[in-house]
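The letters A, B, C, D and E name the chains in turn, as written, and every chain counts its residues from 1.
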């Protein structure tokens, strides 16, 4: 039983991103920080244990979980049926405001307008899953390794449109780039979930309880304010 | 803990894998052909070519051999557009492989040229061939033949190294594995399968290159 | 007028002066043997005539045209003067025929068919018509050297330089190569050959040049030179053989 | 009793039978020259005696002990029979002294001081006492070959096999090596040598073996063999030289 | 967003480069040890061991290092062996370098003239003695330049350990870039540090090679 193990061990091992701001990136001391990190700390605190953060990438976060090297994956995971066959998901813990962004000159207002255009996304991220669902047949989707690849591809003109989080777009704008990403339309508001191994009902229940209480006591809202610059929507 | 291997995704995702294999094959085919050609040109410059060109080629070779392929790839894909050189990720991946193999094969081929007996140059000269004609018709083929096995190994190293081109969204075999695992979370299965395919590709590629060698060099001469 | 005029030629490698003022005039059709001890400068002299080494001083002219060290003049010179080496230096990746065809096509831009016809003719001439498609490593040393001769002949030179062309051959094979040279001589080809085959020099050559320490120490008709050497050095040299 | 008995020895490489039933008995102190054309199997015979090649048929025994192909017997054999090669095969990473010391220490487990004393003695014997600390690439070909002889002698063999040990040497250097061999012969060492030096064979050897196409074609005292060859093959072979 | 000064970037990259150095040293030295073992199997007289070494080399040279690292870390975890990341990285890199070093060294042993084997045989030396006193000392000398040259590949190979969680130079570059959105500057610095690590090795390999050739020509 994972929950018992965690309590016995006194630490909660959490896989967190370090190359996916604002959910996870690093400070000048290379320590991870971001929404997912705060969430991990929050859960550990509620469990009364210490946190052990394990920085992961999109390629290895699930193997970390499956080989029991971590207890939870808090890595802005999106949910789909195939993924659910492999791991369990908690209740959603974070909203994810996905938008399609492009410079002013590009005329795009809805998914159909992407037809014939090249859109950059970060491989495996929620926006990748969602965009793949809504895009029409002749939309070309380029999937980069991490946010940085997506952003660099946009800034260097390799793609004219990107699908990414609104916060990421804001970060790009803050750098005052020659190409200014403007929000064209929102992709379905798809929340993030915490991933954990299958058949751990005790842990799952505990995590869900923590999320529920964090929602009600406002701690989740303050995390969201801090990292996403907005509160959590009511339907989360 | 028990992990249940499940390859059911193969049914749905095999076209992705297949495309990945094809892209990898395309990359290495173009990369090997053009990379070796570039290597030959550079080896010529470094061993026989105009003196004023040599420092430039030396700098190129040293730069490439002493920095990681991934970094070279990033500079080509994200950096060149700022100089107005826009290219697709496939072209960028290919260019990076050509430049990379060019530098390595330059050194390998140069060793082959240097092992050429002096008499071959002199025989060419005494038949009124210019130094370049001598290189082209007399020196080149035996030099390549001498170092062909080393060159084959380098091509395979470059093919395996090409797995990082997925980072710029080039849809090669590794991209396929990553893509599949990002959808299905079946990382082990995806990586097992792609590793096995790489192994098969490496073995096949060596066979093809050896066969190409025995086609280009009709005989193994005693020298 | 002489075909090859070598006048006061000097050549040093670093501080080592290897040729110390050589004068030889070669008439058309002459066959000249160059003999001398190892290190006396024989090879260097031939290599200078062919432009493989640049001379420091003096002049060399072939058929009236002086030897100048630019690519154009060198090419013109080498079209007139062929050279055959001790180590054959056949191109290992080409057949016997390919060896003879190559320079014709590359240098003279001879059409393929014509070059091949010439190659067959020249290989016939050295008795190797049947080896057209053999690769060098399938040939004996003597056969390889004969292909090298055919290769030089195919460029239709007006003179041939031969540097110890039988020294790398097993004794049994020497005769077949010398036979070819003897025939060339009888057909009127101008030949300058460094050789250790004294009997051959005596029988075939019109003049013998004895080199010693970078100088032409004695020169003359073979019957004179061999029968009545003037200098103690030549006496000693001939005694050695 | 013979020191080396070679009886009906046969050896093939693939389909190519190189030795076709060789019989030679060598008495202690004999010096035997093996002559014959290239490819007649001379080297192969020596290599079989030393166990570098395994024989297919027949037997070889040295000092009464038969040659068996396991490591122990081979080692015992090689302690009795030394071999010297055309290409010297000195160990380039060791000095002359080191070359001579190595096998004594490694194979015989001779203590270092003793092995070094022996090395000095043997190098003196071949006239190279002063080159003890020189590396092979600092020595001339003749000197290298003499070190190789010293190295073989230091193992105190009862017979020495020499395969064209002067063929890779410049003419001037041949004499110094043959001088050493001549001395060994006069001191009573049993020698089997493949050689092309006919004069040496005539002067020094007790018997001459003429090999032809994998067989002992003629065998006898040098004065007989050279003066009065019985077979046309030997006549032709000697005529060539 | 937190602002990184140039010094922050350089400092973090240099700190991460320590991992690159440590991993390189470990994998090179371990690779040399395992490689030596494999070399003896490969050139030894036992056919089975020789074949094992041959297929080993084929396997490790025929698959991407990235996959080898992944499988070493997570594959072992999957069968219940919990190896720490540093161990998995060390082991995978060592096995990988060993494959290449074995091949390089085999070439060197085979480059030793046949006459050396024959001469030492004829002096009564056994296989082990020949190896120990005659063949290896010579092979080792000619093996130095290509071995030093290969160390450059090892340094670059360590970049792939990020797949199992190492934040070495390359990964630090990506992470910092994701925090700063300054790919050019960061990757430029990364390239520079790699060059500073690799170039001296490449250069010394070339110099050694030249020395050796000169020494050879004296023969």
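The rule is simple: a residue touches a chain if its C-beta (ideal position, glycine included) is under 8 Å from a C-beta of that chain, and two chains touch if they have at least 3 such contacts.
All values reported here derive from a predicted model rather than from experimental measurement.
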item	value
Shared interface partners, meaning chains that touch chain C and chain D	none
Number of steps on the shortest touching-chain route linking chain B and chain E	1
Per Cα centroids, the chain farthest from chain D	A
For chain B paired with chain D, centre-to-centre distance based on mean C-alpha positions, whole Å	52
Distance from chain C to chain A - Cα centre to Cα centre, in angstrom	81
Shared-contact residues (touching 2 or more other chains) in chain C	none
Shared-contact residues (touching 2 or more other chains) in chain E	70, 74, 78, 183
Junction residues of chain B, two or more chains touched	1, 3, 74, 78-79, 187-188
Contact footprint of chain B on chain E as seen in their complex	58-59, 61-68, 70-71, 74-75, 78, 80, 152, 156, 159, 170, 173, 183-184, 187, 190-191, 194-195, 198-199, 202
Residue ranges of chain E touching chain D (in the complex, touch as defined)	113, 115-116, 118-127, 129, 133-134, 137-138, 141, 215, 218-219
Complex contacts: residues of chain A adjacent to chain B	58-60, 62-63, 66, 68, 80, 82-83, 85-87, 120, 123-124, 128-129, 142-145, 149, 152-153, 156-158, 197
Touching residues on chain B, where the partner in the complex is chain C	117, 119-120, 122-130, 133, 137-138, 141-142, 145, 217-219, 221-223
Residues on chain B engaged by chain E in the complex (per definition of touch)	1, 3, 62-63, 65-71, 74-75, 78-79, 153, 156-157, 160-161, 163-164, 174, 187-188, 191-192, 194-195, 198-199, 202-203
